[in-house]
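Naming follows writing order (A, B, C and D), and every chain is counted from residue 1.
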């Protein structure tokens, strides 16, 4: 079994008729993703890239047997779209690409998420890919190569950078998960790592963190206590000054001891996770671990 | 073990410094209830009927080991008081006497209640009594007699009427629960019956229902499927015309088939529950069942 | 608490729900002027708080001045299910292609709010609910989060509303839910929500019932309630004034008690013993002497009543205070207007029975005896009139 | 998005939180008139969006006109952590017996809101949090239900606020939470919340930061943001205008990239190879030629910058469009002002590299090489100035 998505995933695209939704649906279909439906209120009956559109997600699940959703809905409506996806029992994975969703909207989505069995990845993330099987989101499929290294990252382009380095050195990926850089996200590092730990197709994991929050510190604890699959790490933002917001709402150093690059690197190294100074060094570590 | 409350219950009275709170605390203490604390914001440090008052329920639980609450807070603030009680893990029984709580406030309390392990009885109820051990609420203690018949009722004075009839005929009560007549209540007939079913001190149960809602119909189903303890029933409102509100917000006949006295009586009789035409007849049935 | 149609429409319109142009009128001349102002054709609609106004002749369409005048003359002053029509709403008639139903209420079975949509609007929705429950789409709402827009859309699409109007209908339903939540609604309904040929939606009727218990936090609605009391009957006005839960019925045995369950049981026993209840009157918990006297005044005001039964089981309510109240109320009459049977039990019942002036009332020891005696009195008193003092 | 103190106080006061009388002033004369109007003693407070204004001399008390004049003269025009003070808030000084802290923010670790109370107000609360975390009482709020009144009371009592003022403090905290929720706050803080001798509470300072992403639904706050931009630096103004995530740092290597994580990694590599980053600039996803040109303009505007490194990994962003933008931006100069190193990868990177005018830029194939080259340029360019075209 692959992690989160694979060749059996039956995908509904929420917001499929918008500019981004339409473009990336074409890309996803081209990559081989099994996109079975779109959902846009008022657009039921239309088609995009050969995919039938329904008015509601529930209808898409009932009529097209969708079990996975990817959300390309504009930020003002994306919280509602997440609620809609989570209200449909058949959907067990929801990947929200949308950037700029109000934080309080997401805190309510997160609250709702805790009452379901679904995984929500994102928001403000590049998506999830199981190379050669399925791609959800905006990741450039061509840089990925099927293989046995899992990747989980807060950042989009940093993910591409690390994947590129891996692929160039002949190391393929099992699944790559962009968990997103917002203050509130559905799937954390710990949850993503747990998925890789259970996955028999993943031999090692690369975890790319950033300054801000304590998610990397928690991940280090989890790795130390529960993981047998080896992990290599990278932390962006070593040179960021405290208190400054660096692009991602998440990337802010609180100055309270945790959340700094130093705290995260120390925590990971204490959990025997080798941390690279550069993306290339991360790949060196992965080679050592395999 | 008694049902819901007993001699071991350690009671905090929310709203103890109000007129009703003060009067009934005295009555409860006099009855022998182990009232260990009161909780009223701003009144911490005072005493009522020899009981220490705290500013918050959490403090009452921490300082006085309270495990049970009774709420005498005015209707505008009672929803908040219920939330406060439910936020304290140590409290496993909350009895809300207050009448006139806005229905939407209660629907939020009910939602919160589903996420806890606590029992909330009421609102708009006379309370709960385990004769000879503890009394929570406004029930007149003197009409009760310890014994082996459980009683559950939506209505206050109707409860007294039936208890009086029981006691006059020498039939004592294990516990009497007034579940309240509001459209939204915490503990339903089914939950109360389940408690009696598990109680080894209860040999038979009297259930006093009313027109409105479908709680009695559900209770009948539950009795039919799961109960071994015999039940006798009474339904008030046989002569009520459809669509009229009769005092209790709950006592309204919707005209849609369920909710009428006839539907409830039929449901109970189909579950082999003898239903009395008069309170005296209920006692006759109880005598037959014992 | 029920708002009148014109009041509910005011509330809905303020929240942004489209309603037809309309004016309230209390006289025929006002109605005709109103019709001129909103423009023909118009609907002239009786403002009384009962269901089925249309069938009962309380809503009439008028195409011109003479029809409007005739309609207003017919409706103003008419008796609609016991209520005299004192005002009409004159409203621009809507040219529609479809009639929908949308509503929000509390589903007490689920203890949570429910939003409803049906394409079978414009008829008695309770009949639809009884005959064809599937014709109404129900979407339950989590009261912690409120209704999300997707839920309104889902209800509308599931109900089969045409896609061209669906967005607007969903938006009306969302607004209706938010209103219901913000203003502590009991029921909020639009039936029919009309869809015009160019897919616009208009609320052609409006129901908004407010949770009495929450009225304290909505002074604007409390004011509307007061303003709307023009249509009450005399007895309703009195019950409001005294603050009783009172329901008038068709029999001749007046019933007063404390606690809804016990009062209903008393009604049932009157019936059981062959009598017929004249009313439901709950004095509530802890009633003092004055309140008891008011209750007697209410029941005596009902000309149908031939005998009264008083059934009090004291918990908070004290038997001695009830007895005081009964004595006070009856001693002011030269002749007690109707025979009164009293049964007191519970707190201070013995003291109360001792206080009661048995020249004025009949005292019975059990509920069954008291009811039987009252039924008996009602049977005879129906012919003879009052009791001599 | 941060409101100025005077704006946050306006928002708080409107919601019912007590604030001292105050007036905004842009000149010394206005400040003196304002002091007369609110009444002495007053506090004259610099309106710039930085922490620690008091310690830096940005807040001065004045007992009379000459002191007020002197304070205004000192503060207006002063440089506070890089910002020129253009306005002062002149505010009635509050006679207090206690200084509290109350605040609301999103606890990202718990993914839920948190309300905070401390009796250690009036000082740098972050220091208190670091040294004595127990001195701040935290009450997490369920975002589904919002904050219930009991939670505000619990936080206030748990923090040890005197019972005499506790009710008012709880009420301020409740209001602050509701504001934070209604207006999509990021942080809402009052520090200090002063308690007077007769147990009244007054918000002597006010912080309200709004979630940028939610500003679209708060036009009133968006307007305040615009109005408050008078205190921005030239570079901040430019970043706002172009809509970039931009942070100025102290080094001399200008950095442009796409995606926060990758840009931060570029900063880290500059440091790793012995250089010093001048800024963080994220052009975001899918940047077209014009946006790329704007980014170059921003970085060139910073006089500290001696060399620029461009690091783009294309996903949505296309390498050819980036290359176009770079060419366009540089071709307008006779002499390219600072040396530019470009590294393109991902979508259409090859095409982009072919397009790039290598007379104007240095192209490198890997991230490491690009950074090393820029660091090298910055080291030499610091002495020589621009690159000849």
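Just so it is clear, a residue touches a chain if its C-beta (ideal position, glycine included) is under 8 Å from a C-beta of that chain, and two chains touch if they have at least 3 such contacts.
Everything numeric in this text was worked out from a predicted model, so none of it was measured.
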- Task: If you line up contacts by residue number, which pair in B-D, B-C or A-D shares over half of them with A-C? Let me know.
- Result: B-D
- Message: Can you check which chain pair, B-D or B-C, has more C-beta pairs in contact?
- Response: B-C
- Taking each chain's centre as its mean C-alpha position, how far apart are subunit C and subunit D in Å? 57
- Between subunit A and subunit D, what is the gap in Å from one C-alpha centre to the other? 28
- Multi-partner residues of subunit A (at least 2 other chains): 108, 112
- Query: Which subunit D residues touch at least two other chains?
  - Reply: 142, 144-145
- Message: Chains as vertices, touching pairs as edges: which of line, ring, star, complete or other describes this one?
- Response: other
- Task: Could you please write down every pair of chains that are in touch?
- Result: A-C, A-D, B-C, B-D, C-D
- subunit C-touching residues of subunit D, taken from the complex the two chains share: 142, 144-145
- Item | In the complex with subunit A, residue positions of subunit C that touch it | 145, 148-151, 153-154, 157-158, 163, 166-167, 170
- Message: Per the contact definition, I'd like the list of subunit B residues that touch subunit C in the complex.
- Response: 75-76, 99-105, 107-108, 110-112, 126, 138-140, 143, 153-161, 164, 181, 183-184, 208, 210-214, 234, 236-241, 244-251, 255-257, 261, 277-280
- Note on the structure: Per the touch rule above, subunit D residues touching subunit A in the complex are 106, 108-109, 111-113, 126, 129-130, 142-144, 181, 184, 186, 211, 213-214, 216-217, 245, 247, 249, 257-265, 267-272, 277, 280, 282, 285, 313-316, 345-347, 367-368
- Item | Touch list for subunit B against partner subunit D, complex | 41-42, 44-45, 55-59, 77, 80-81, 83-84, 87, 108, 112
